[in-house]
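Look for subunit A in each of the two complexes below; its partner is subunit B in the first and subunit C in the second.
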Partner chain A sequence: MSGGFRTTGGVAHAPSRFVRGLILGVVGLVFVVPFVAMVEFTLRRGLVGGYDLHRWTELFQGGLTGEYKPVLVALGNSVGLALGTVAIILLLLVPTMLLVHIRFRRLRRALEIICILPISIPAIVLVVGLAPVFSVVARLVGSGVWTLAFAYGITVLPFAYRAIQANLDGVDVRTLSEAARTLGAGWGSVLLRVLVPNLRRGILAGAFIAVAVVLGEFTIASLLNRVNLQTALVVVSKNDPYTAVILSLIALLVAFALLMAIGRLGAPRRSRTRRAVTASPPQTATPTLTPTGDRP
Partner chain B sequence: MLLFLALPTLIAVGTGFVGTDGAFTLDTVAALTDPVVLAAFGSSIWLSALTAIIGAIVGALVCYALLGAPPAGPLRSTIDSLSSVLAQFGGVMLAFAFVATIGIQGMVTVLLRDTFGFDIYADGVWLYELPGLVLPYIYFQVPLMVITFMPALVSLKTTWAEANATLGGSARSYWLRIALPVLAPSFLGSLLLLFANAFSSYATAAALTSQGSQIVPLQIRSALTSETMLGRENLAGALALGMILVMTVVMIGYSVLQSRAARWQR
Partner chain C sequence: MSQTTTQRAATRTGAVVEFSGVAKRYGTHLALTEFDLTLRAGELVALLGPSGSGKTTALRVLAGLESCDDGGIRIDGDDVSALPTSRRDMGMVFQSYSLFPHLSAGENVEFGLRMRRVPAPERRERAAAALALVGLDAHYDRFAHQLSGGQQQRVALARALVTQPRVLLLDEPLSALDAKVRVQLRDQIRRIQTDLGITTLFVTHDQDEALAVADRVAVMRDGRIEQVGTPEELYTRPATPFIADFVGLSNRLPGVVRHGFAEVHGVVLPLLDPSHPDGAVQVFVRQEDLTLAPAGPGEAGPADQSGRSLAGTVLISSFLGSLRRTSVRLAQGGTVVVQHDVRDRLQVGDSVMVRFSGAPVPVQAAS
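Then we have the complex of A and B:
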């Protein structure tokens, strides 16, 4: 009953350093076990027992050729798909959002609903309907892996929309474009030289998220029999689990680095927007991968 | 947009109503009452509910621990990124991680067996069956909870705590009478989102179990790829319809709770 009011780091009733350390320590310990196990697994020397680095060195000295060539091809596919998806976002979503924001504000609500909708439709359900669509697409333009980019364009839509919208809310797009128009700029240069530079953080964050989601996608590719990084990893794991685990560790690290970079992108904006537009809540500054944390 | 979102969804739902002869029928939907299908929905819901509850509680604890850490500081940004990786990117790799951890030759399995003489698989290997999915699922549920619940916890206002203290309240009364009621809708909303997340996730289960289909997404897989269920090609559509029904209920509940939660987050 003592201490009706206590602050830590400026937040009322925050846990003390000890309690925080205890909770994070215990949960962190539990969460680190599988990853330690992954590393331990790749260092095993088979039936002889003991540990060494030979699986790692073999994999890299071999330069991922021969047996592991499919993984390289699959990585190429995934990177290509990621670029295709980003292109869809840059060429379709960004102009549409800007147009709706500037000219057709009544459509904003509708656009938001459409963009967020894919969240509530599981990929596994989408795939059931995509299968017939893709059989038609395959007949028209061939069954190249790149056609998946359209499906991925839909699955990343909510994440990209959220990231770009958070930026859009903090920038007075209307005044900017009107000012540029008054100074004699055409719509093309308003878009490319005024709006896009102002929105580059949101657009970059959206693009990074799209890349992370596409590189991690498994459901659609696997059930439509296309090869991407994740499906190739599963195939590799069937006959060489060690290599699959090594590649997974690398992929996880790369994804982590990518998302840390997104965090960095969001961080400096915080101080800038606060100075410019005080109304923007700081939480929207760092776009996360999830659909929620939504604030009206 | 129309071609790749609206059309697939309509086809997915529509094929549930169309028989093999192309005519409208309710037969395939009736297949949803098949005991095997019902059991799959049952275990899907059981698995999702269990992992959502555990994930929500542990995740909320982590959020509480992070309260007071500077939002742009290294601790928060590292945990944010880690959470995003695990919640969204993990999938297949989490399955590998658990094979390495509690697989038959996994690190923890071997450690427990050789050091403590305790065999976690004394009653048979359960990692590749339904109970084996619980642990991997928790590993992406907790991070998702951290991401979704943190904004709600951060938006608790210091002035409320001050008001509580001025009126002679204790820390206990602050948490019980103010923070918990304000946070309840956000917590329940996140819980529903976690449920939806587990219910619709496929990659981890697919990578872990290559045979059998104990949960609905895996049943859709076997319905789509199997060649033995001749004459029931539209079962996948019916299963998808069932999943969409469950998801719709959950997402409506989520948006109702979310709008209640928004009241306190201005």
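Then we have the complex of A and C:
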């Protein structure tokens, strides 16, 4: 057994601090190298050699409001689409999964197959099928870029389904909902006050993946002639690769901020130590449940 | 505590519950059929039966968690069959741990009050009182994962009681607990139920539990009630051989009924139902209705002079703490199990006389 793993009687436990640091370092490096390379690329002075910030300063001294304004619009589109896709997950997928889990358990397998199916269909094939559907959608609700959220809702299904299902399997949803109903909760309260808080981790993971997939999506938007962040960046990169990379970095920062905001919104409650001190039940509480035997 | 609250507690408890002709089907399987049962005000009725007998279905139908296909349920005369669960005003404790994991024990108990829009200060006060009732007032801020199984079920009991429901439903609440905690909580449930005077339906497959806590026990089989009675009635006067076999520990012995008496290997025993027709039967004899004595020199034959004893040989004897249980192979064939004083030590192979107490016995026609 490697010295990096603490063992008891030949059974391996958690890796040592050094091994953990090493693993984290290697994985971190894989993530950091592309970012560093991108930053390094944007700082190059071209044929002259050396580094400076002139491309960044030029861009922010009017560039973003001028010829690169479409990229900002596209970033807005993508963020809007990400939020729309998350809304589809929250309002359509989560209730459907809960309904199937609690009331129609025989449909679980069918739902799983339907949700996993999109991952086996290449984006190009998906678009071929979606094109006629979108012509109908365009006639009904217009051809606004937001309509792409319907397509993205389908592409993120496999990821979101898996994340939520893993959480769902670990919670006795049926008993919890029955307990809440016997306590006087209607279905709305059961969903919002009992089930969603206990499925927070799975729903958050699903939302994370949805945001990540949507912000990086190119094929469907390009083939359906809609503008999102990735299609706009491709257009820019054809004229000015340096600016395209700067904008990509900005887009990544926005994506990180969005993911962190979602994570913060859904973070579980912290320790109750403070609450225990400040809001402990009154010590002189008058018992409301009075045993009949104690009555005068 | 205000006088009003006390009066409300008094008026809200002790509802009369009537099941009349309730039926429930799952596909072709009849889970409940012609189910009639009345729970008197403030009474604790245990539904006892083997797995699949329909006892949990009956409780779930009363809670509104399952609809009934036929018949109806009345609480204090009001038909509640069509009411959704959330409006039936019942408290329920489940077999599996059902505390909401994201809420503390106190918040769990407050949940039902929150649903009834009770103001926060009163909510906290009543939740604390309910937790005090089950002896867990110091655990208000603990989460489910910080509580033992027994504590979780006690919080669940407080949560079910805090809204002062008309009926308390207990769906095998002790089955996940270890033996010692089970007995403690069983006694605590009975004490609280008696003190509050709340009508309670207690589902269990454990006959000791049912006999120990219930005012009356309804024994179920194949979706029907086989017999309803006090624990003593069920034990001493079982209406059917199934109940004789299911409630208590009985020996089954081949015998014959003649002129209102049962005869087992020459030993004549009075019948619980003297009108039973003559013929071959299975005779049920409780383990505690048999006693053991060493075989004397003049008792070498299969039956002694009194006509109430049979000779046999000890097969195995088990020490069970407060008593000893011994299996004896009878000289005429067949084996009986006898419960006896722990101080009577018997060795495997010992010759003994098995004496019948002469208590009336139930019988079942031999198939």
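One rule holds for everything that comes next: the second predicted complex is superposed on the first by the 206 of 296 C-alpha atoms of A that agree within 3 Å, B and C clash if a C-alpha of one lies under 4 Å from a C-alpha of the other, contacts with A are read in each partner's own complex, and residues count from 1 in each chain.
Just so it is clear, a contact is a pair of C-beta atoms (placed from the backbone, for glycine too) under 8 Å apart; a residue touches a chain by one contact, two chains touch by 3 or more.
Quantities reported herein were computed from a predicted structural model and do not represent experimental measurements.
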item	value
Contacts of A:Met260 with subunit B and subunit C, given as first, second, both or neither	first
Partner, of subunit C and subunit B, that touches more residues belonging to subunit A	B
Partner chain(s) touched by A:Phe35 [first = subunit B, second = subunit C, both, neither]	first
Contacts of A:Asn239 with subunit B and subunit C, given as first, second, both or neither	neither
Footprint overlap on subunit A, where subunit B in one structure and subunit C in the other make contact	282, 286, 288-290, 292-295
Residues on subunit A engaged by subunit B in the complex (per definition of touch)	1-15, 19-20, 23-24, 27, 31, 33-38, 40-41, 114, 117-133, 150-151, 153-154, 212-213, 215-216, 218-219, 222-223, 230, 233-234, 237, 241, 244-245, 248, 251-252, 255-256, 259-260, 262-264, 267, 270, 282-283, 286, 288-290, 292-296
Subunit A residues touching subunit C - in the complex, by the definition given at the top	171-172, 175-176, 178-186, 189, 193-194, 197-198, 200, 268-269, 272, 275-276, 279-282, 285-295
Contacting residues of subunit B [partner subunit A, same complex]	1, 3-5, 7-13, 15, 58, 61-62, 64-72, 77-78, 80-94, 96-101, 106-108, 139, 142, 144, 147-148, 150-151, 154-156, 158, 160-162, 164-165, 168-172, 174-175, 179, 189-190, 193, 196, 199-203, 206-207, 217, 220-221, 224-225, 236-237, 239-240, 243-244, 247-248, 251, 258-259, 262, 265
Contact set on subunit C toward subunit A in their complex	1-2, 5-6, 9-10, 13, 63-65, 84-92, 94, 96-98, 100-102, 104, 106, 111-112, 115-116, 124-133, 137, 140-141, 143, 156, 159-164, 169, 192, 194-197
